[in-house]
Amino acid sequence: MIELLAQAPPPPSFWNRPPYSPELYVMVIGTIILGLALFFGLTYAPTRLKRPIVMTFTFLSGLFYVLLWLVPTPLKPKEPGELPLNPVDAAGIWFSDALPRVADVAQILSAFLLGLGIFSLLTIHIRKINRKQTDWGFSIVLLVSMVLMLGFGYADWIMKEFRDPLGLLQDSSNWTFVNQMSDLLFDGILQQMDAAMFSLIAFYILSAAYRAFRVRSVESTVLMASALILMLSLMGGVAYAWGQGIDALVIGTGNEFLNNLKITEVANWLRTNMQAPAIRAIEFGVGLGALAMGIRIWLGLERGGVSA
Amino acid sequence: MQYLDTGPFGILVTLMMVAFVLINIFRAKGSKGLYIRRIAGLNAIDDAIGRATEMGRPVLMVPGIGGLDAVSVQAINIFAQVTKTAAQFTTPIRLCCADAAVYTVAQEVIRDVYQKEGMSDRYDSTSVQFVSDRQFAFAAGVSGMILRDKAAATFFLGAFFAESLIFAETANAVGAIQVAGSTQTSQTPFFIAACDYVLIGDEFYAASAYLTREPVLVGSLVGQDWGKLAIICMILLGFVTMSAERLQITNEARVDDPDKGTSKIVSVAEATKDQFRERRKRASDTVVHRIFNPIRTEEALDIKREKDPNFVPPATNGAEGNGTEAAGGGA
Amino acid sequence: MDYTLLKLFLGVVFTLLLYSVLYRENKAYRFAEHVFLGLAAGYTLVVVWRDILYVQWWQKMMGTVADGAAPAMPGYWVYAILLPIGLMGYTIFSKKNNWMSRIPIGIILGLWSGQQIQVWWNTYGPQILNSMRPVIPTTWESITRPITYTRGEGGIKVNLAPERVAEIQSNLYFTQALSNFIFVLTVVAAFSYFLFSFDLRGKFLNKFNTFGRWMLMIGFGAIFGSTVMARFALVIDRMSFIWQEFFGRLLTR
Amino acid sequence: MNWSKLQNVDRRVLYVILLVATSLGLFLPSRIPNDPEPAAKDLYALLMQLPEDKPVIIQSDWTNSTRGETMGHLEALCRILMSRRIKFVIYATADAQAGQVALNVIRQINEERKKAGLVTYREGVDYIYLGVFPNAEGAGQNMRNDIRKAWGTRQTKVDGQAGRVPVFDTAVLRNMRSVSDASLMVVITASATIDVAVQRLSDKVTMACMSTGVVAPSLLPFYQAGQLKGFAGGLRGAYDMEYMMAHGINYSPTPGQEPKVTAEKFGEIPPVPEGKSFERAARYFGTLHIALTLLILAVVMGNVGMFVAKKKAKGGNN
């Protein structure tokens, strides 16, 4: 719908109102009040209804995608102003129109839940500071860095988004202290720590390979062998020298089949004919597992987890 | 993008898989003790917790860094079993989350476990914590925690990415027993290299059925196996027909038009001179290929809808409007 | 000290603080870790409004006013209902009403579940088709030289005559057939390893299962091997950042 | 010496060796002879034979954390395009940071070219930065449907002019009606965004990819199926590109001399005529050899230690 036709605003309908208009505010606030009423209404729900209520919400959300899948996708109208052929076509059009809206819902709800995560973080560290538990000083460091990043981050965004119609702040020579601080905290420290932590993996790979790649059993031996072949093929110098050797052999013997023994060829063959199918087999299994789990969650059959 | 792209075959196969799962769930409800093969990694759980108890050190669980989906829910289901055992031994637990929604579920489930075991007083809400939703900040935080608390047993089950090895090696450095499993195949080798027990691929989804032996889960697992057998059969069948068909000579070929999304069969007689001639069948000429990629002719895509008489052309877009109104009526 | 150098300096310092964990857990690492967690939490709070809620929720709910080439967009008031539903998550700390937190969770999971059913075939159908490979060679001669058949404007030149290319394309060579056979065998063997509810008895089936596990290990080894390059590139880049970028700039200042 | 000790070397010793080796490696000169991967040769040949009048689309999906590999890729790509005066349009999906780091690379290559007295690339004239598309699936789908609509609202600064203009009013995109009007689309990525791009666009436009070593194995099936016309994977891929930028394919500087890179399916493809060729990847590639050799040595060492220990244990029992 509007996402595809970005320039043309959608026609007015029951569902929308002009931007920032008083009617829109009324509708929005009304909806929130209605939602809150539902919220408090639900606190009086009897115990035996609790599970069915949750299940209904889950089922309806899943139903959208299942129906979207089962109703034939409508063909795009050739020109504006076409009427749907029949109810199925109309439903198809409705589903594909509603898709971009529904697709946002999960992300928006998860975003609202983020507050809970931050609340967990704050409780733990404020409690540490209050009780002067071990390392409470570091908890203060955490809170201070959080507040700094939050403050400068928002100030920077507001300046760039709303106070800078000419786009001057795109150029770093026009930056104020706030922009610099935000950049320093994010780009100078946070991103660098990301990269540093990421690169630690290289050290761990070395020690893990050292411990694990032993000729103990068939399994660990094939694991090691295929890893070694791949690594050798990635060393350009080794691959080059190896290739030169094979070339000499081919010229010497006249047997072109030997070309297949070049390390890059061997590595590629290993990847396409052994790695790819092995992984595909795992993926099939995982896909079926996810499908089965999806059905159980959708129909409320899953115990223990969410709908119990 | 469904019917016209995949044709009815895709829908049928999917529905068949769904049916397999549902049939077996109902079948399992009636009978008891369906067979599940041994999964080594899961038998190790009790030993690991026992060892943590002896050493008086905590058990650490991480459900990966994915958002709230089946992987995270499944991880938490397994952790609920781990926590149950840990609660009986009164071993302290830590559960670190990287997603607020997952944290919410974990908090709820773990508290439930303590309640059901009648140990609500031992439950500490900070033992389930949200660490960070930024991948490497989470990695730094959790490895700091492993090193400081000297966790005796660690469970890394869920969607792990590059951070997998950071956790596994750190935990290895403090001498923890590790049970790990990721549905991300790209990370499994690192777990294999660094951990004591690894759940490979689908074993992860089988875990809760294996641990709880609940009829619904076991039945679903049997259904999945039926699905797997069906896929194996499909592959073998295709493998045979494909092999046979590639030996045949064809005088017609399929020509795809990616712009319109249509295709048609063109015979040698109709083909332009250098388009193609009689030749052996290629993969795209085989019956199997046509079943998987049904042909959409131009006629099929040529649907004529009637014009809306009330439609006002310039500023608005009628099809959209109708769609939205249909929404009002339908909902 | 100029701004860029200060930025580089801080980057180097925090990198080294984190690296200190390689020796053992210590106060320097603990400091960096807590700064990291704090900054990450602060940044997440910025991003959640700036990139998610403001763009995907607020602007769609309240609409956007005309700006340059972009026309005004009306607001969809229905989005407002998500706020109270999101708030239900916060009942988690209440003893009586914590069940309500399952409503937003249920919606997220419900949407996810529906999508699984929707995308299953699109994801796996083509892979199933691709795994069906022919194994009877149509010719016993070997391919003498690599071919390419990409043509057209700006495409790659083709050294072979078109008839020859067509012939090579429609033939199945012995080596390819053998590779195909190994491919199918590997898929089936590895897949059979994941059958949980069947008691695989008999020597042959057991061997087949073990074979499947070996194949999995070869696959994992290959993944390990190719990931190593990426990870080493990271540490090399970090070293380059410290020695060449930071010290380079410090010395040439 | 007690060889069996080799199986229990303290991990910290390994760490220090790696740290020292990777630091020192950076200062060693390295022009390692190389035989580029076939996929990289295809990519290079493709880039050197692109028509000059059509733009190239670059989707850049990496951030600073994978700088070691992907920055080398973008640098090589920009150097080739700039030396051939091919206009390009660049955008990022998924991560807001991705756009910024890509722009930094372009700025830095421009500075380098200015120093060398070469033509520089001007925003809005020779290249366009479209910004970030948060949803990779949506962006690909929309580009497929109608590129004019997908990018219609985006505006760009034009070098030497005040204000911003719609991107389709610029010299770069003026003639672009559909995504097929681009001569090539290159996805530079550190994640699975390439799958999304291939699924939605590879049948509409010639597509190639440059990715980290982690993503590279998953590109092979696309390459074999012809969905990708070439790709460069990881640091090796970046070095392959730089190597061919310096030596060409089937090209010898003096007649009669054996070419450094050969490939049967191409004719003669010259090296890049101007600007730098060996740069970041060449600096890192030698060090990569050292690091990988170290790893292989460590594995060998561990196994030798284990065998010696086993032998000893056996001897003791007997």
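We just call them A, B, C and D in the order they show up, numbering each chain from 1.
Just so it is clear, a residue touches a chain if its C-beta (ideal position, glycine included) is under 8 Å from a C-beta of that chain, and two chains touch if they have at least 3 such contacts.
Bear in mind that the values here come from a model prediction, so they are computed numbers and not experimental data.
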Worksheet item: Is the C-beta contact count larger for A-C or for A-D?
Response: A-C
Practice prompt. Give me the ID of the chain with the smallest distance between its Cα centroid and the all-protein Cα centroid.
Written response: C
Item to complete: Could you give the separation in Å between the centres of chain A and chain C, each centre being the mean of its C-alpha atoms?
Response: 9
Worksheet item: Just curious, how far off is chain D from chain A if you go by their C-alpha centres, in Å?
Response: 23
Worksheet entry | Separation of chain C from chain D, taking each centre as the mean of its C-alpha atoms, in whole Å | 17
Fill in: Length of the line joining the C-alpha centres of chain B and chain D, rounded to whole Å
31
Discussion item. Residues touching two or more other chains, restricted to chain C: which are they?
Written reply: 18, 21-22, 30, 32-33, 36-37, 39-41, 43-44, 69-70, 89, 92, 102, 104-105, 108-109, 112-113, 116-118, 120, 128, 131, 184, 187-188, 191, 194, 216-217, 219-224, 226-229, 231-232, 234-235, 237-238
Response to the item:
Each of the following residues of chain B touches two or more other chains, namely 1-2, 11, 14, 17-18, 68, 70, 73, 101, 104-105, 107, 125, 131-134, 136-137, 140, 162, 185-186, 188-190, 192-193, 200-202, 206, 221, 224, 228, 231
Discussion item. Can you list every residue of chain A that touches 2 or more other chains, as numbers and ranges?
Written reply: 2, 5-10, 15, 68-69, 109-110, 113-116, 118, 121, 187, 190, 192-195, 197-198, 200-203, 205, 207, 209, 211, 213, 223-224, 227-228, 231, 234, 271-272, 275-276, 279, 281-285, 290-291, 293-295, 297, 306
Discussion item. Using the touch definition from the top, list the residues of chain C that touch chain D in their complex.
Written reply: 22-23, 51, 55, 68-70, 130, 145-148, 150, 153-159, 222-223, 226-240, 242-244
Item to complete: Enumerate the contact residues on chain D facing chain C in the complex.
Response: 12, 15, 18-19, 22-23, 25-27, 38, 42, 45-46, 49-51, 54, 65-69, 96, 134, 152-153, 155, 164, 166, 183-184, 206, 212-214, 216-217, 221, 226, 229, 233-236, 264-267, 283-284, 287-288, 291-292, 295
Worksheet, complete the sentence: The residues of chain C that touch chain B in their complex are 18, 21, 24-25, 29-30, 32-33, 36-37, 39-41, 43-44, 89, 92-93, 98, 101-102, 104-105, 108-109, 112-113, 116-118, 120-122, 125-126, 128-129, 131-136, 138, 162, 166-167, 169-172, 184, 187-188, 191-192, 194-200, 216-217, 219-221, 223-224, 227
Item to complete: Please name which positions on chain A make contact with chain D in the complex.
Response: 3-7, 100, 167, 170, 187, 191-192, 194-195, 198, 202-203, 205-207, 209-211, 213-216, 224, 228, 231-232, 234-241, 243, 264, 268, 271-272, 275-276
Fill in: Residues of chain B that touch chain C when the two form their complex
1-2, 5-6, 10-11, 13-14, 17-18, 34-37, 39, 68-70, 73, 101, 104-105, 107-108, 125, 131-134, 136-138, 140-141, 143-144, 147-148, 185-186, 188-190, 192-193, 200-203, 206, 209-210, 218, 221-222, 224-225, 228-229, 231-232, 234-239, 241-247, 274, 276-277, 279-283, 288-289, 292-293
